[in-house]
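Chain lettering (A, B and C) follows the sequence in which the chains are written, and residue indices restart at 1 in each chain.
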Amino acid sequence: MSGPALVFEGASYAYEEAARESVSDVSLTVDAGEWVGVTGPTNSGKSTLCLLAMGLAPHFFGGRLRGKVTVLGRQTETVSVIERSSEVGLLFQNPFTQVSGARERVDEEVAFGPECHGVPSEDVAARVEEAMTLVGIAHLACRHPLDLSGGQLQRLALAGLLAMRPKLLLLDEPTSQLDPAGTSAIFEVLGGLHGRGTTIVMVEHRLETLSELCARVVVMAGGRVLADGAPGDVFNREAVQQRAGMPVFARLAREAALPGPLPVTLNAAVAAFARNGFG
Amino acid sequence: MLAFGDQGPRRGYTLGVLDAFKFRLNTLAIVLIPVCIAIDWAGHALATTLKLPLFLDSIGTVLGGLLAGPWVGGLAGLITNFISSGTVDPIAAPYCVISLAIGIAAGIGGYYGWHKTWPGRIALYVLIVLVASIGSTPLNINLYGGQSGVAFGDTVIYAPLVKAGWPTWLAAYLDELSGDLPDKLITVVVGILIFFGLPNRYRALFSVWRRSPAQAEPAPAS
Amino acid sequence: MAGGLSLYAEGHSLLHRAHPLTKGVLTLSAIALAFTAPSATWVAGVLAVLLVLVAFAGVIRRLLAVAVAILLPITVLLFVVQGFANASNRTVVFGLGPIVYYREGLAFAAFAALRIACLVCATFLFSFTTRPADISEALMQRGLSPRMGYVLQSALQIIPQTLEMAGRIQDAQRARGLETEGSLRRRARAYLPLMLPLVLSSLVATQERAMALEVRGFGLPVKRIARYAFRDTTPQHVLRWALALAVPAAIVARVVGWR
């Protein structure tokens, strides 16, 4: 596949009967294989970006879209959400509402997506095995989905998406309802996917995680792109610091009055403190 | 007749009714149907737990119809009946067509907004009672010789009337009516109360038909 | 779990292994024949055949327990009312003071009760020997839209979940002081405060569920691939046709004068 994975060109979107747009004049390009973090204060339009990339906005929500959103070479207005689902996946926040509710076993649940796409049975079995192993729930294959914990359910939901082998994976605060163990499990899986070339766009509040995992961070505020670049650059900008905050390492360095740009990851912080005579 | 709701008269009488069916079921409607089926079951279970002398097994059906039209209401009623026939109450199986009809009636009423005006609400109740009683009576006559299967109606209405020489079909109808009048009244009342007890966005969300007036251009986000 | 709703009883009889369509046709034609048969003797015959099949399937004890519980109230009601008040009552059988019972009414009650017993046993014969998952799979293999198949499968899971939630809401509301016992008025007043929260929590996730389904491709107009195959043999095929033809044959026989 050539060309960028996701392109917003002057995209503006307003939900049905909304007085204001949720995103205004957003332009950004995500190349294949990138892992982009998206963050910002509440109501900055971050979730809407994911919904636009998936096509749920405008197909599911109605509303009004201006500008262009092109995903994997095709404009979202011409492709329905279910058509998109073979190459794009979207993982939501709530682990409990992503279960189909129509399957009694974890492995059958993972097979739901491929079955909807008419994938032949032998291929389904192979994909299910692959997806469950990727997220680490193969040992739960025979369990009833309702018996799983939140973290396990979120991994199950992710497996369900991965069974479709998506080229672009969107995640809307995937770990906000999980405990630390569940959280790190998800990020481990994402790391593996990134290594295999999947394009990932992840909305995430934890700035430390974003700075650690993503080579590029997009900061949204008021429905517009406030900043777009490497985390080290982005979180050193005052406008970003004021509206979206900064990783705790940067805050620490600022409180300690370290000279130079503020570090945004643990390693950078350790190095910065070491350079300046601490530890 | 269809002008009971807040939508005003529609073009033609018969053609207007079919308008309510002209919507393809979207994913939201498909997801709503099992929820309505579960509400049917829960409504009945709750009535049993509280020892109320009513069935109240169609609240989900009526609510589904009011929210999303006759397809959702009808399918919810039909499938509720199928599932309960296969598990706890096989005797209800022949009455599946009645449950279907109640859901359709509620759906047509929902489409025309009958539940929003007082004349409309009464019309909805009357329609559902008529559908239930007129539909059930022939089934009762075939299965139970005219009894409704409810002890009160059978012993207090059916038996004395037949004994007094009234025609069986009339005694059967009044027997059935004695059960339907209170049961469907509470069903429709609870259904409408729940409908208006839902947050606004749910009501807008599930309505398969969009009737929002032309909107002003939205302002930019910031 | 969905099993809470289903009557399915594990087993390996011929009936358990038969194609759901065969069992479906068997159930429907048994019911149709029971209601076409002209007299109680014939109906009793159908019932006897059904009970033999039930025994053969190895579920007779469980089935009878459930069936009798359902049939007893309506049977009693039929005898009590029809014996007393059937339109064709003529011959007195016994009397309890002013209440006189007639043979015609009692005979009719027996006839009606037998037919209903056939309805119940035929339905349960199906339910006890067929997995719910198999029902939706068989229907979809025969052309039911996958979206409707989803509705069935989802309903079977969501019903027990909702009933459980109803119980929890009841406990919570009672802890807040809601009266659920006492006079009819008091009990009736508790209905809405128990139903409304239940409906609200049932509806709250539907939008997210719908989105999550679409993201997985739910509703794609592709030809559905069977998840597994059912054992369908020629004898079953023949049996289905024979049963299906027996019903119109019986109807014609009734019209022509079968008594």
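Please note the rule applied: contacts are C-beta pairs under 8 Å (C-beta built on N, C-alpha and C of every residue); 3 or more make two chains touch, one makes a residue touch a chain.
These numbers were taken from a predicted model, which means no experiment stands behind them.
*Asks:* Compute the centre of every chain as the mean of its C-alpha atoms, then state which one is farthest from the centre of subunit B.
*Replies:* A
*Asks:* Looking only at C-beta pair counts, which chain-chain interface has the most contacts?
*Replies:* By number of C-beta pairs in contact, the leading chain pair is B-C.
*Asks:* How many angstrom lie between the CA centroids of subunit A and subunit B, rounded to a whole number?
*Replies:* Whole-Å distance between the two chain centres: 43.
*Asks:* What whole-Å value do you get for the distance between subunit A and subunit C if each is reduced to the mean of its CA atoms?
*Replies:* The separation of the two C-alpha centroids amounts to 47 Å.
*Asks:* List the centre-to-centre spacing of subunit B and subunit C in whole Å, with centres computed as mean CA coordinates.
*Replies:* Computed from C-alpha means, the inter-chain centre distance equals 21 Å.
*Asks:* Find every residue in subunit C that makes contact with two or more other chains and list them.
*Replies:* Only 150, 154, 158, 161, 209-210, 213-214, 218-219 qualify.
*Asks:* Show the residues in subunit A shared as contacts by 2 or more other chains, in ascending order.
*Replies:* Correct list: 60, 101.
*Asks:* Residues of subunit B that contact two or more other chains, please.
*Replies:* Within subunit B, the residues that touch at least two other chains are 27, 34.
*Asks:* Please output the residues of subunit B touching subunit C within their complex, sorted ascending.
*Replies:* Interface residues on the subunit B side: 25-28, 30-35, 37-39, 41-43, 45-47, 49-53, 56, 59, 63, 75, 79, 83, 85-91, 93-94, 142-145, 147, 149, 151, 154-155, 158-160, 162-163, 168, 186, 190, 193-194, 197-198, 202, 205-206.
*Asks:* Using the touch rule from the top, collect the residues of subunit C that touch subunit B in their complex.
*Replies:* Within the complex, subunit C contacts subunit B at residues 5-7, 35, 70, 74, 77-78, 80-82, 84-87, 108-109, 112, 115-116, 119-120, 123-124, 126-127, 147, 150-152, 154-156, 158-159, 161-163, 165-166, 170, 180, 184, 187-188, 190-192, 194-196, 198-200, 202-203, 206-207, 209-210, 213-214, 218-219.
*Asks:* What does subunit A use to touch subunit B in their complex?
*Replies:* 12, 14, 16-25, 45, 60, 62, 64, 101, 221-224
*Asks:* Touching subunit A in the complex: which residues of subunit B?
*Replies:* Where subunit B meets subunit A, its residues are 27, 34, 204, 210, 212, 215-216, 218-222.
*Asks:* Using the touch definition from the top, list the residues of subunit C that touch subunit A in their complex.
*Replies:* Listed in rising order, the residues of subunit C that touch subunit A are 1-2, 133, 146, 150, 153-154, 157-158, 161, 205, 208-220, 222-227.
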